[in-house]
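Worksheet: the structure to be examined is printed underneath.
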Amino acid sequence: MLEIRALTVGHGAGPVLHGVDLTVAAGTVHAVLGHNGAGKSTLVHAVVGLLHPTAGSVELAGQPLTGRGAHRVARAGVGLVPQGRRVFARLTVAEHLALARPPRGRSSRFPRPGPADGDTANGTGTGTGTGTGTGWTVEQVLALLPRLAQRLGHRGAQLSGGEQQMLALARALLGGPRVLLLDEPTEGLAPAVAEQVLGLVRRLAGEGLAVLLTAPQPRLALTVADELTVLTTGRVTAAFPGPAARRDPAALLAALAPAPALTTADPAPGAGLPPRSRMSPPGPPG
Amino acid sequence: MTAAWQHPAPPDPARPLLALDGVGRRYGPLAAVAEVTLRVGAGERHAVIGPNGAGKSTLLALIAGTVRPSAGRIHFAGREVTTAGEARRARLGIARTFQQPALADSLSALDNVALAAWPHERRATDRGGPRGGGLWRPARYRALRTRCLDQLAQVGAASFADRPAGELSHGQRRLVEVAAALAGRPRLLLDEPAAGLTEPQAQRMLAVLRRLPAVGALVLVEHDLAFVGALAQQVTVLHEGRTLAGGTPAEVGADPRVREVYLGGAASGSTTPGSTTPGSTTPDSTTPDSTTPERE
Amino acid sequence: MLDANLVPAVDGVAYGLLLFVAAAGLTLAFGTGNVLNLAHGTLYAVGGYTAAALGDGSWAGLLLAAVAGTAAAAGGGVLVAALTAPLRRRGHLAQALLTCGLGLIGAGLLSTAAGPDELPVVLPPGLGGSLLLLGHRFPVHRLALIAVAGVLAVAGHLLLTRTRAGALVRATVDDPQMVAACLGTDPRRVHTAVLTAGGALAGLAGVLGAPVIGPGPRAADTVLLLSLAVVVLGGPGSVGGALLAAVAIGEVQTLGVVLLPDLAPYLLFTALAAALLLRGRRERAGRSTP
Amino acid sequence: SGGGGSGAGASKAGGTVKIGLLASLSGTYQAVGTDLRDGFQLYLDAHGGQLGGHPVDLVVADEGDGAPTALPAATKLVKQDKVVAMTGIVGAGSVAAVSPLLTESRIPLVSSNGRPVVKDVSRQWSTSFLSNEPGSAIAQYVHDTVQGPVFAIGPDYQGGWDELQGFTDAFVKAGGQLANPGGKTLFTPFPATTDFTPYLTQIKNSHAKAVYCFYAGGAAVDFVKQYAQSDVRDVPLYAAGFLTEGGVLNAQGDAAKGIRSVLNYAPDLDNATNRTFVSAWQAKHPGPPTTYAMASYDAAAVLDKAIAAAGTDVTPERINNAIAGLGQIDSPRGTWQFGKNTHSPVQKWYLRQVKSDGRTLSNLTVQDLATIGN
Amino acid sequence: MSPRPPRTARLAAALSSPLRRWPDRPLPALLLAATVLLALAALDPAAPTALAPALALAPAAVGVSVLTGRAGLPTLGQAAPFAVGAYGTALLARAGLTVGPLQLAAAALTGALFALLTGLVVVRTRGTTALMITLALGELTATAAGRWTSVTGGADGLAGVPAVRLWWGLDALTDDRDLYGYLAVVALLATGAAVLALRSPLGLLLDAVREQEPRMRAAGHRVGGALLAAQVGAGAHRGVGGALLVAGQGYVSPADAGFGTSSLLLLAAVLGGIASPPGALAGTVLVVLARDQLAAHWPGHGPLVLGVLFVAAVYLLPRGLAGLRPATVRPPRTSQEPPTPTPCPVVPPDGEAP
């Protein structure tokens, strides 16, 4: 479903990711692991079009996403739960939900999987993602995250951290995505809720979504992922099929533990000029 | 360096360092925190856990003075600080981290930390020393930064000390956030210090927090129970703004009610009326905006 | 006593509501869309000059002027949007510098084209006259203004608070990136739409308000200053607030000077400062989420 | 920039003379400023671009809204362009600001509008009038025609104070009675006031039998329009001529009909100079000439005579002395001459009324009023 | 905590960095400005008269850039302390006190005092509220200046103020060039003073407050105090500007306290790259030259010319005039190499615990 090839991208000053390859098949969960600053969020942002790659390509079901504006990527069916929630501070929860559902005008150019008619879904989800789904309804999402139902009148800025995280998730679901990008979705969630969210992730995959999930802690990722990729300072340094990784996590943890060269508090060799010249450039002005 | 610093007033073991009595905070009809009574002794590491929206961050905000209580009284180090301003409490040694990192983006990580530590220089430098309030002389500011760089190193953030905070990854920002709070050498409050950290980072954080001087106390909010178990001596469980349970990590972990609302299978909040019928708005779902802290 | 002050009181309302109409565009562009459009006054003037040019004392003429003026100013809004789009990241000051420049240029061109004098505005017979009410004369035009402003206020409030579009605008101010990535809407489109609508409103106000703040060299500055006062005093993005602020300012300038003639010159700004100070604290401590 | 052909502010025989014209070409007084410029230019064009036999290099500078912009502009005229004489200047404030500079550089000023009270008038000449003159000229007439108290109102700045004081002093001296509460003239904030309704209400409450006012520019438009729509629409309105002078008149439209005003000029004055002036003007500009254009036209005439009298070597000093020597000046307003003490015209004042002649409104002369000046 | 040799190196470097923070190397910039001003005066005989007004406004613009750019308090009332300083100086001079340094001191003092009093109000507000409150205060001052005729000379202002003298016993600066020198030196000194003040930790604190006030409060900073300090400093600068105004043109009027002057100052500061005092200086020169010289070629179209200038500036100088100096552009971070990894504990944490 989602194909990332030789992706090289940065934040203006030099690349952060170096030729990253990664594929997320429909109906699978692909976890990206890596230390803080490894480049996970950068990868996610590049996929949704908030960053523009200097090289490489991103494809969604064959159609290229690279170079498209973020809004067009989103319309193509890519849902995002950004790191740090980034809910709209001055919009109420209700308004978030109303906005997140695409307007009738923007017809779905693809089947929108809804929730399977399970414990939480009292609305009529379309079950398997193959049909002409209408995506999630507000009722279904609220049933899934009841906390939000109690906070409909709150503004984004008035929500607790976890509530914000839930809202971000709801926002993504209501868009009715084909591909879901979750950047550390469980951060700040109480264990019970985190558990529940991961369960949801599995189920969504079961309904045909392609899920890309980043996490700092292998523990959580291991429980849900079909594929795991380890990112170290912007390069893919290891990849495991989920089952294998579950069987012996040791290999994964080993891959995660950084190479000795990287353990010092000092910049990697040649990691740029010393700070003085970074901060105050050479040569008198004028 | 941290060890080298003696606290001006040695703690009096008789009195708890931090005492909350029936503290509460309402937002319109919603009681974010209600009738919380809490004692934290000097040197104690106290964890506050609870489901999302239980009122943990609000509780920290109340202690730190970011939000004023609508009921109850707060004592710190023997003084009543219920109505004291945020800045004043900070100078008494209460330092908080924000659940969402709050850093000045254009300043380097180091400067962010140094600026946070600055007001505490007064307490730090032994009495009669030069005023810490305004570090006019660059020399003194440099000295402060030396210490802060070390602080950053301890939490493992030295490698990007000189990078503008705006250019850091989320996790990196969280590290700086915690370092900023630690650098004041305060008696401390932390909101989810380990959230979004990788395993080794979390370990390192643990080590740093363990090494805090015994004169200070630690009130920490955390969802990572492994972390809590490894660090906290006392745990308070909040639910719907009220204290649900308290005790050692072991005791709390065993408590069935805690399992039910927090750990166990059921979703947090699903026990509360109104949440079972999705979409229906419970009374506390409408909130006067005028009471938002950022507007105060 | 009361009777003596009835006229200024009513007039204060009318004048205030004119200010509201004049400021409505800015309330949208700046208060809600967070684009500091200092060319607002000039857009108003555009409307005013159109009214002077097309208004021939017939209702048809007024209608034509209203349409044309609105369209012209909306065009101005599009221009402002196009030019400010690249500056979104650079914040208010860059916007201020640019739009202020645009405003100066526009005003310069207008007065070069239309000459230095304030142009006459002929109203349809019905509007032009004055009406005897409760033994006092009220200009019909101002009474009409009250009606129009009322409609605008209600419509505006509903639009901003009840509709998807309104929510979208506020969302874009909060976090344009997420509007794009999570809502699939192009923030630049919102930006353009807001400024266009703001311009249109300014133009319409220019046409309607021409008989009170007429098309002349002073129009742009006067309107910009008062509009800013209204928006800021009313609280960003709040239509109701803007309405109250506008009427308050109107009353201060009418009733106020009757009751406190000696303080007249100081009245407006003293009141403004005082009111802002009372509201000031709310703005303290920038946005931070718990 | 930098000093032009005429070095050290003097010009040899037949050489061009540099004249600086400072006027508000932007801002509140733009209308007046442009009239000053056009009036002067009109005279030049009529005389082959020469004054006193010298080709004239007229350097125009923008006075803007007042002193802060006027002073740099004037400084540039004097220090960089090295003009031998200055003219124009709309605002009294600007004149006050500029005069020290002129005194210091010994350059004569023939101002054609603004005229503050200045201690040393040795180098200052005005072809317009003193601010208090219009009021004192009409006071007697108002007293004679109006039975009952008169309300006095004007803008709250120096010019307004002088204008109104001119009227009230003379009016009270003539035995008239002010309708204003406590006999205190009502001054409206300037330029802030765009809405006069509250003041009109005060007029109503004062039961005045007539109103005397001074307003100019945009304020004049607002005042007249709102007056015509207010409770006091039927109370006769007397004013200093500027209320209905020039462009403001057609902005006011029918609202201005019937207003009686006093001024030192009206386009329909019946004398040869005026006829040529008016026809020449209307050949170039729409609408009748204003007193501003006329005064500036006269300023040109004054300089013409003076430069001619100054002889071959035109220095600022000589021009100044020459002006002092000028006698009667015959002008579109009728002949006048500089007063000995004030260096401003001793001239006749006229009562005009706004009537529609043909399609357009204009100020038509009703009768002569006093001749004033010293 | 075993500091490794490379760390100490970077430590020293990192430590020296903040005092070099943006605006980078402003002092060379000032020297540059000085030489330029000197050269202009030498080359073009008209320069002194043309630049005098700009030099008078410059310190005020610097004050504005400090308030708006660093303290984050946008202001439209900057002309008020400016005028207060100007009137004060004018009155002093008329009373016979024409000694420059004395006038400057007095003006700075009155400006600062005025700023302190109004500051108590302004500091409570932020953003556009601050903008409008300062505007209101400015207009009130202007109105008062226009009506308090006995002292301020009313709307016509105070004209013909006696020329300034450098020191007791020296004779007055009547020659344009001497005067120009005086104005230039004072303006440059004022700018330099601002630069130095901002390079102290206080400047850093102002930046942090501007960007992250809640954190600074939580950290225990007296935010209000810091802002008030900035306010007072800027007030002193604007007062000095007023003194220079009077020294330069021997005239002051209510319009100098009004909105027109204020907006001109703000735009000049923005043009200079809002947070850089030297930039503000340059911006003022540019704006004033445009107003007085450029516009002189199209009389009556001054505003239009200014407008074009502003529009052009926004696009051509994204970082303002300050951005023209290559020095202020931060070089690409960490060149082309991948970003430095976050270190992990060398010693197992538990082993590290005491």
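Chains: A, B, C, D and E, in written order; residue numbering restarts at 1 for each.
Convention: a contact is a pair of C-beta atoms (placed from the backbone, for glycine too) under 8 Å apart; a residue touches a chain by one contact, two chains touch by 3 or more.
These numbers come from a predicted model, not from an experiment.
Graph distance from chain A to chain D, where chains that touch are one step apart, equals 2. Taking B-E and C-D together, the chain pair joined by more C-beta contacts is B-E.
Averaging Cα atoms per chain gives one point for each, and the point farthest from that of chain E is the centre of A. Per-chain Cα centroids separate chain A from chain E by 46 Å.
Centres computed as Cα averages put chain D at a distance of 41 Å from chain E. With each centre defined as the average position of its C-alpha atoms, the distance from chain C to chain E rounds to 32 Å. Across the assembly, chain D contributes residues 26, 30, 33-34, 156, 189 that each touch 2 or more other chains. Multi-chain contact residues, meaning those touching two or more other chains, occur in chain A at positions 35-37, 85, 157-161, 257, 265-267, 275, 278-279. Multi-chain contact residues of chain C (touching two or more other chains) are listed as 108, 265, 281, 284-290. Residues of chain E touching chain B in their complex: 1, 3, 7, 10-11, 13-19, 21-22, 200-202, 204-205, 207-208, 210-212, 214-223, 333, 340-345, 348-350, 352-354. Note for the complex: chain D touches chain C at residues 26-28, 30-31, 33-34, 156, 186, 188-189, 191-192, 194-195, 197-199, 201-202, 205, 217-218, 221-222, 225-226, 229-231, 233, 246-248, 250-253. Residues 164, 167-168, 170-171, 173-175, 177-187, 287-290 of chain C are the ones that touch chain A when the two sit in their complex.
Residues 48-50, 69-75, 79-80, 82, 85-86, 88-91, 95, 98-100, 102-103, 106, 156-161, 164, 168, 171-172, 175 of chain A touch chain C in their complex. Taken together, the chain B residues at the contact with chain A in this complex read 27, 50-54, 56-58, 99-100, 108, 153, 156, 158-162, 167-172, 174-175, 192, 195-202, 223, 225, 261-270, 272, 274-276, 278-282, 284-287, 289, 292, 294.
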